[in-house]
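Dumping the structure here so I can ask a few things about it.
Think of it as A, B, C and D in the order they're written, each chain with its own count starting at 1.
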Amino acid sequence: MCGVFGVYGHPEAATLAYLGLHALQHRGQESAGIVATDGKRLHTHRAMGLVRDAFGPEDLAKLPGFGAIGHVRYSTAGGSSVKNAQPLSAKYAGGSIAVAHNGNLTNAEEVRERLEARGSIFQSSSDTEVIVHLVAISIQRAVEDRIADALHQLTGAYSLVILTETSLIAVRDPMGIRPLVLGRLPPSESPGLVASEPTAFDLIDAKWVREIKPGEMVIIDEKGLRSSFPFASSPRKSCVFEYVYFARPDSKLGGVSVYEARKNLGRRLAEEWPAQGDVVVPVPDSGVPAAIGYAERSALPFEMGLIRSHYVGRTFIEPEQSIRHFGVRLKLNPVTDVLRGKSVIVIDDSIVRGTTSRKIVKMVRDAGAKAVHLRISSPPTEWPCYYGIDTPTRMELVASSHSAEEISKYVTSDSLGYLSLDGMLNAVTGTRGFEGERGDFCHACFSGEYPTSLGPGAVNGTEGLMSPRRQGL
Amino acid sequence: MCGVFGVYGHPEAATLAYLGLHALQHRGQESAGIVATDGKRLHTHRAMGLVRDAFGPEDLAKLPGFGAIGHVRYSTAGGSSVKNAQPLSAKYAGGSIAVAHNGNLTNAEEVRERLEARGSIFQSSSDTEVIVHLVAISIQRAVEDRIADALHQLTGAYSLVILTETSLIAVRDPMGIRPLVLGRLPPSESPGLVASEPTAFDLIDAKWVREIKPGEMVIIDEKGLRSSFPFASSPRKSCVFEYVYFARPDSKLGGVSVYEARKNLGRRLAEEWPAQGDVVVPVPDSGVPAAIGYAERSALPFEMGLIRSHYVGRTFIEPEQSIRHFGVRLKLNPVTDVLRGKSVIVIDDSIVRGTTSRKIVKMVRDAGAKAVHLRISSPPTEWPCYYGIDTPTRMELVASSHSAEEISKYVTSDSLGYLSLDGMLNAVTGTRGFEGERGDFCHACFSGEYPTSLGPGAVNGTEGLMSPRRQGL
Amino acid sequence: MCGVFGVYGHPEAATLAYLGLHALQHRGQESAGIVATDGKRLHTHRAMGLVRDAFGPEDLAKLPGFGAIGHVRYSTAGGSSVKNAQPLSAKYAGGSIAVAHNGNLTNAEEVRERLEARGSIFQSSSDTEVIVHLVAISIQRAVEDRIADALHQLTGAYSLVILTETSLIAVRDPMGIRPLVLGRLPPSESPGLVASEPTAFDLIDAKWVREIKPGEMVIIDEKGLRSSFPFASSPRKSCVFEYVYFARPDSKLGGVSVYEARKNLGRRLAEEWPAQGDVVVPVPDSGVPAAIGYAERSALPFEMGLIRSHYVGRTFIEPEQSIRHFGVRLKLNPVTDVLRGKSVIVIDDSIVRGTTSRKIVKMVRDAGAKAVHLRISSPPTEWPCYYGIDTPTRMELVASSHSAEEISKYVTSDSLGYLSLDGMLNAVTGTRGFEGERGDFCHACFSGEYPTSLGPGAVNGTEGLMSPRRQGL
Amino acid sequence: MCGVFGVYGHPEAATLAYLGLHALQHRGQESAGIVATDGKRLHTHRAMGLVRDAFGPEDLAKLPGFGAIGHVRYSTAGGSSVKNAQPLSAKYAGGSIAVAHNGNLTNAEEVRERLEARGSIFQSSSDTEVIVHLVAISIQRAVEDRIADALHQLTGAYSLVILTETSLIAVRDPMGIRPLVLGRLPPSESPGLVASEPTAFDLIDAKWVREIKPGEMVIIDEKGLRSSFPFASSPRKSCVFEYVYFARPDSKLGGVSVYEARKNLGRRLAEEWPAQGDVVVPVPDSGVPAAIGYAERSALPFEMGLIRSHYVGRTFIEPEQSIRHFGVRLKLNPVTDVLRGKSVIVIDDSIVRGTTSRKIVKMVRDAGAKAVHLRISSPPTEWPCYYGIDTPTRMELVASSHSAEEISKYVTSDSLGYLSLDGMLNAVTGTRGFEGERGDFCHACFSGEYPTSLGPGAVNGTEGLMSPRRQGL
């Protein structure tokens, strides 16, 4: 998971990118970066941490120019260093290029080995660097042809925003796995903005124009916007988990309000898995709309019975003698008076390892709940994602080897209900405004139906990171 | 507004204080500090920013000992420097002392001038330093007598947590304006914890024991706990705004769940100010429980129609050409599909200058709402607070010179309703578990009825800061 | 050892102070600080390290005004923190005051205890803070009277440069132990500069005017310069070790060129302690002029047979397995071809613990010298200094318990000769331009004849640091 | 100018490299870096500044292993960034490689363009990176063959120290332009050390073994040391300026003590350019041995009449109103009593732009000298160096367009004498221990006789930096 942003044709391009990245911050908190062009050369600033910490006024002052791209990168357990921060920029014989990538390439390692064999030197363990090297060795002349040439050799998920000295280029993989949208900044009528989610446009009073289509390449330069479709056509397979968890609730994807889709997931969940409860309580923040939908459909009261602290950093210090972990407790705390003596229906979006859910159930019960019914607004997460989401391996996914009943026992809930695959797809496609078809979604993490071949070197990680054994340098 | 925490008798006292401060972070984000004692000397670490940024493992490692106090300080426009961070510590002839203060002294400046005239040298512009100097010049022998001696000369609001080499002392002013509670850490049966709010105990699996009473001084040392009441008795005047806005919803104050009190405020508001609306939308996060109460009582749907970003820092960078301010937009964004075409009832806790409300109303309307009814879960804020809350002067408080009707026009709402003073007090005192009487509250910011004399040098500021003219050095 | 500088009446006062401190850097490398006044308030910047590291352009930009004082502080083993950096500034009832101090007070601890007993709170372990507190409690009105009042209660060595909002004040103790000189910046005819050594004037093209006399207080403000002698008169006792080691060779003190004085010490040493040598080699840099004098008088060749590296910091990292210490080797390296097969006369200024001399002798011998004759251009250092020089205690001074013969054996030299006390005084007073008398010098570190009473609390340390037991806070 | 160091077969290799770099610090103060190998991977730390500032204990702790190479880089006006710091390390298909380079390649730009045309991506503007890319694309198998393959395609000056996971490799260009020596660390009998100058061995108690020969490649790994000569043989052309200025006086190069060579230069200078003077004064530190030789041969007294401050950093802050520059004054100050009324012979090693010499002559005259005779211990510097010394272009070299007489007038000296080319070569080759012939030296900066072809892309700069137009990225 990452967020990308691009702007062309504004005198303070880097500052717009900075604001846009704020709105995409939920897609990645590990590092942030912006590359800007003044028409002659690219200027780069990348740093670890949130956008607010990574950029100060003096950093933006060093990013002059009319075009800029930005990237926020998701936190990963290992491989966390500014070396892997994006956008990645390089100079090659044809000029300079900077790339911001959301997604994950499934054959990056094979291609990398072939490139190294001919003498290419890699600087990072990022799969994105493979794209840059393929661009550099392409025998095409125009940069857009070099990029198409490079991408023809790669498979997987990519929503790319690319900057050269004189142009902004956006490309989405043929299946459209990760989102990518086009916007414009009034009074201009011409699109000059690209972002992972339209929320990034709201912030700067810009307008959503349209989705970048699966397989489309958009080039924006002084001549305006050109669009092409350099790849063989392919069925659309957009990530359904964006609706369940990733995207911001105030975003609109595929014609659908994410907030409304989540409420629908909650309603459907109430139908599939009703519960004898007194109160519906979300795991905040992502579980809130589903809980509102669940409460509405069940005609039960909705309460914010778990309070989230937004001040907790990614690491904190515990007493050495402690035998329990503070993690969940630091982030969530129960409102005792709301829970005590009640039968509580807790709504969450997914269960990964099960350890967090277990702590939440215990917390609710310790606050005095007489029963805890856990309801999940998506199917069991059984399969790792190879398209840019940092899920654990199958080994660690509790649902890949345990039934819902076993999981319910493990997390100590009185009952556990997962939304069905059908129910999930129905909820999303049934949301007002949906454009497309039921088959347009990748739901490999629930179904194991991967829309691309994976190959021996397929790596399950955040884009930008190869497998652990490649992270050595 | 600030938060204080104290612990005595635990081998990792500073780490417990660090965790406790996390739970009090909502009471102050400007700076954080901890002082610990190992029985021989005090060790201090203070830094700007959130607890998570101010403290690393190496900082805690330098704070050994069995006793510790901590402080989080509220953000203020000026006077923001680590010099004003707390706890404030000093060495005087009788030993070392560190003080963490929540509240504000109303005669600090007069006393300070008298102290300077006799040769005392002040290091900061903090009113808390006056306490320390009075302790140092006291002719009493025992530190608790020195402290009582000092506080006899001071008026205003103070919930103090004080550390010496060998003891932890907590004092609350005679009117109990700011909260202060006592806790214990099982398996110990003896109280060894003090905090601004009981939420700080939840985090470390500690237990709430009781409130520190107005006018009470509690001393905890190797001999256990001693309590005394060194001041003349006084009517209780606890800050009612803690229930409306300050305290965490998962806290319990005066026997009352803050969450439940806020829901009651919302219910009462619905009765006093019903509206012809389609949907009830809170200004998150503080408006959420009141909105749930309002929706319940009005039988209208509750929706999270405004999304709050929790990644925005206190300062951010705007384009130079921008004529509007991004502030509110960075923090809040509308969910268009929830608001479009609806008559929206927006619930907030208070209006200060009116500028933020104006932006929120505009945002909701721009998202397509056909009407915006603003409802406030407290009375108009007409008077500045002199007891530790950083409200603006009367000049800047929009309600001090404008009627609700004028304010409604200014913020461009279709209607505006403030909860009445009576309604607010009824809602709080009517909440399940309330112990006490209707007259126990300070509501000066709404009524102008200040429970203490203010004197010529009274300063309206966060504790720890004298008036601007004293901040020169 | 420290260096002080003051300037009044120049629009870039802080920048002049910054340049002046560069020229005094040899007097202290641990920390540097400047306080400037713009007529209304004092602005301070202090930091650890060399002047070049402690001050950047942005730091100087924050020090506006027409008056400034600066301080460089000597490195000490413990107590090294920015808290002890000078100038020390404070606000008291009468206004603001900043003090830069070279010297050491011998009754600071007693006075401090009395001040604490009446309620004064100390911020540092510095003896300089005692001065500030005495100024604050003085019942005098004018600041110069307050300062005189304070200094009447103190004994020891002090060359003080003091800044208030509107004046620059310089005071030298009645015996004139540490140097202090007055200068002017052309085209001004009026003195507006004060410094520890006249070298600080050379750098900024300023002119030496005269010494500040022992016991003199000079006040420079908008009315010009006023001089007074507020103390009872006392015999002059200037530190003779300034000529031997401390002062820069390009300085002039008491009418005498320090370089010429050192050459005279070398000549006299050659007369008292001739040696059968082939070559005269100094321990650089301080031993160079004495070695030139020794070589001239002996008619032997002078060679730079030991090379000093100027890049070595105060701490460095050694291999863990190492049994020897790299210290001296990192700083000094022999020129083998100059030493091999020769009888080498090594000239140094003093021997403190003996360990460094031992390493140097070994180094010269390992380079192939057939004999090493060590000659010291001052008498044996037997007594600690209580007037501002950070010598070890008697216990650690090798000469306090061992004869020259024993020391020679310990350092493994073939012979060792110390200049006699008489010889040293004759050499200095015999230098061209000397004004004064043979009895004008403090030579307590050689003779044990301390010119002041020392009292029970006398502390042997750098000014600014009390005894270890007071460094607790 | 740079310094390189390598060590193989010691458990604390990085710490030895750190100590060795201290001894080479005079060869470069801009940045410092070390790469270490633990047999499996390379670990790197590079930072701006002196070795003492660039490395702390925690940095060395992250450089485990038995082999290490280090590099110190010279200060240059532009292009100063950690990106250009060395050693440069990279991973290619064959493994990892790190390179530390002293020298400058004269055809780097042409080769770089050819490499970019085939798709290589460069990370820095360093010519050293060209070597790495050539190694990566070589079709040879063994790393030593890849290196030889790469170097066959390059011309210019290089003393290289290269580290792989399992070996240390040292190579010197066929003409041996820059020095490179081999050492061993007792008790080991086998050479495991390489350095630019033998001084680096002294520091760690290691022994000089022999020079690395021009055109020699030495490989040290677990099998011991292997030597080969992969290049066509070529006449030796070692840089004569190492003797005049660069090398430390305590180093020995080509069998000759640098200190003794400099004294010989001074003696010869006295013969060629005697002067009617009273005193011989060096410009410290580099002019000291030549001045001692000059004084000896002239039978005139030697005096340290100019004092150098070693505390001045590379940048400092001047008053804005200043019309003169403080630069020289901050570093050098005259000893007035030594110079006043005298006819002073000032000895320096070279004149580059003439501006510094002009300031020095003025300073000596202002101190009261009645005449200033400037004597230079090398011939006029008329030509830029293309082999690793950062001299200005011909345009800026005052001697390339002005006669000695004109320069004397410009610098305001009473007379100016440069040592002749013959005299310089005679002095160096006549020093005790010299091995080789008069024709073994490169003296292109004096004579314009460049020993290699220069080509259109030849760049005059420090190694590691291409021409300004390549520094864009």
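Everything below uses one rule, namely that a contact is a pair of C-beta atoms (placed from the backbone, for glycine too) under 8 Å apart; a residue touches a chain by one contact, two chains touch by 3 or more.
Not measured: the values here are computed from a predicted model.
Peer 1: Among the chains, which one keeps its Cα centre farthest from the Cα centre of chain A?
Peer 2: Between chain A and the rest, the longest centre separation is with C.
Peer 1: Quick check: how many Å separate the C-alpha centres of chain A and chain B?
Peer 2: Taking the mean C-alpha position of each chain, the two centres sit 36 Å apart.
Peer 1: Averaged over CA atoms, how far is the centre of chain A from the centre of chain D? Could you give it in whole Å?
Peer 2: The answer is 52 Å.
Peer 1: Just curious, how far off is chain D from chain B if you go by their C-alpha centres, in Å?
Peer 2: 63
Peer 1: Of all residues in chain A, which are in touch with two or more distinct other chains?
Peer 2: Touching at least two other chains: none.
Peer 1: Quick one: do these chains touch in a line, a ring, a star, all-to-all (complete), or other?
Peer 2: Looks like a ring, each chain touching just two neighbours.
Peer 1: Per the contact definition, I'd like the list of chain C residues that touch chain B in the complex.
Peer 2: 41-42, 90-93, 96, 113, 116-123, 132-133, 136-138, 472-473
Peer 1: What residues on chain D touch chain C, complex-wise?
Peer 2: 11-12, 15-16, 18-19, 22-23, 25-26, 29, 50-53, 55-57, 60, 199, 202-203, 205, 248-250, 252, 257, 259-260, 288-289, 292, 296, 301-304, 307, 309-313, 316-321, 324, 326, 329-330, 333-338, 432-433
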